[in-house]
């Protein structure tokens, strides 16, 4: 994490607390294992009824964090409050949270009704009452009348909904979801994203969702925490995280970005002049980058921030314009992109304009790329 | 003089024989009856090879019955178990006395065994090793045990052991003043004796620590002091005596039970010549003494006791004075079907509470 | 053409198991049955009939011995399950990697020596002048020697010890296949250790429990050495009785009948056990 020391990690920007009693509060939560720290001083609050995602690559500590919230692991230090009450020392079966497991963990020896009713049975609810509530919750997830069926008679999406119903029937304060969509095929996953979001809205329960898939996090969440090496790099609403990443890691991990290594040539207030390692000069506006002349830097540029043109005439003077050749055209419907090789030989990914004006673009064609100085994000390069 | 001549004759014939037809002798016998050194000597002299399977009376008969008398060339069951087995299962073949050197055998024993193993006019058995079963007692702790029924005395309660086998029935019957051997031919009378013995042994059951099954087991029990008096074989008592002078074999007042283990030829044995060679070899006085020294029991070989260790002779004489020897009850042949009656009795004793 | 060749291959592959079944299982049992229905009426004279079976049911001694053996075997099976389940659970769920292998191997160590040696080991421990009695005396816990051998409890100890591995192996296999997240889900949904055991772990392990129980029950019922060596003067065991009939009494006919009855009655008990635990044999054998 060297090189990021200048970046404030625990920004709660965007996570505006409208509720005085957030459902879930973590304070300086830390988990040490033999020889390494899986979760490192993480603090955050999740307001009631919101969808909170923890996004990070595998091994970043998000699962450990989730398991601490569920109670399967106890923090080395720090505090964890649910509805204002500390959960330290409270076993998982006494916590007002429920968890949807990665592989759902439906009990294969029980039918669907017994699966959903398991939690109620543990609470000693009467048999008729259980049957009624199980049927009600199954209806809410859109699976009425399946109580008597076996688990293996359900499709993947239906199992997903049963797993959620099994938790929701207990009316938990917080529902934890551990990458439950990971095992589904793409089409179903896209469908379930929408469905999960609408289920969350329907139940009006706080969801804490962990995933390594940025698209899942961006689509469903009210707030996203981006996690890396046990720390939260940024917390904020999806658009904030996407458009104003706080750190180089967030910029690189959330969404696609072209990364350019460069050196600061001069600083003029918010305006920086940079020279890429390949020798191209660039103008960048970055108000709070804290960069000084001579410093190594990384520039992140979204593919959709770059404009394509067949001539350089239309560009305004303060833009970064360069000439290149089309290296490849990647057709992917609305997400089509063009890979452009600049004179220095770097490959740059550019979003294909939706106008259709570049439909004829072929490999080897000459094009001009252009981007506005305020579209790029600059961060100090990690010291190696 | 005579025996040396015989010996050298045997050696001469033995030496002359081998090259022509060296065989494998499959011997079904008791532990100790075919020591390694004897086998080595036999193989060197005759060129035959010997494969030994050790067993006991019942298993010998069961094994031979399973193969209709095959699989072995020479077996050594006790003499009382030959005619009934032959009558029931036909697992033996008669002895060809012309191939046996009768001079090596003590004549009275040879004659008695021949009488006891004759079935339908043919002789099936030759005597080999003989011994007795009686009492093995720790004289320091249970000196009063002089007869089988003394095992049921309160003074030795919980420190007694015997087998749940037919010798126990016979021994107790004698000790109770009955004569089971005389009743062998009369099923009703024998059943009456068995009923009395059954009642006695059922009463005696609380006195018993455990019914022993194998020779090593009873020796362990006596050696450790967990059992102070038991029914057992004479050799076991003498072996224990070597370690602990208090323990020894006692010939019971009502008589030790005498047995003679024999040579018999299984019906489908393949190496009869090798079997006769073995018989004539092990009955030589020097070999017989070697066997006595390992097995602990004396043989029917003429002068067979000459080479026996002085210790063993002393122990034998300590247990048997002349009247005790005269009082030995030798097992007569068991009539076929008698074991079924005894078996039922033993089962009932075992199940009784 | 192809179907002919594949058919030939199928029959060739089938041949060994077919031969094994016929030569080593079916034929001997037919032979045994034929012997069991011949009644002895005199030396070398037999007639066909079910007299030997009638003897078993007519003489209380025999069926009582069978009942005793069966009840003790069921008890031994239950004890083995009670002892083996926590061990298997520990091995399968609470250890991993090398510790798991080591523990599993340690369970197998007693099986590197013969059953006879293992039983003798217990005799050395339990006998009046044995290790336990001597230790208790030297610790001053008891005043005189105590005999722990030659009773039904000693038989139990021996049977459980002899057969516990055959309970642990199928249990470890089924418990291994239980996803840890199912147990965590149970806790997460408010379950207690007891309710999770009852509702999640045991139902999942049921095929292993049943197959372990079948094997242990059959092993105990068919055990010969342990009851003979460790048992007391009243400890009749059914296999001992069969041995006696075959070897000591030369009564192969009755012995065969007893052997057949052992097969039939033990199968009936296993069938009842499967019915009561609502498991099917194919489930039990297929899943472990």
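For reference, chains read A, B and C in written order, and residue numbers begin at 1 within each chain.
Basically, a contact is a pair of C-beta atoms (placed from the backbone, for glycine too) under 8 Å apart; a residue touches a chain by one contact, two chains touch by 3 or more.
All figures in this text were calculated on a predicted structure; none of them were measured in a lab.
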| item | value |
| --- | --- |
| Per Cα centroids, the chain farthest from subunit A | B |
| Chain at the geometric heart of the assembly (C-alpha centres) | C |
| Rounded Å distance between subunit B and subunit C, as computed from the means of their C-alpha atoms | 37 |
| Euclidean distance of C-alpha centroids - subunit A vs subunit B, Å | 91 |
| Inter-chain centre distance, subunit A versus subunit C - centres from mean C-alpha coordinates, in Å | 56 |
| Residue ranges of subunit C in contact with subunit A within the complex | 179, 181-182, 184-192, 195, 199-200, 203-204, 206 |
| For the subunit A and subunit C complex, residues of the former touching the latter | 70-72, 91-94, 97-99, 101-103, 105, 107-110, 118-119, 121-123, 166-167, 170 |
| Contact set on subunit C toward subunit B in their complex | 43-44, 61, 64-65, 127-129, 147, 149-150, 228-229, 232-234, 236, 241, 244-252 |
| Subunit B to subunit C touching residues, read off their complex | 58-59, 61-62, 65, 85, 87-90, 164-165, 205, 208-211, 213, 224-226, 336-337, 339-340, 343, 347-348, 350-351, 353 |
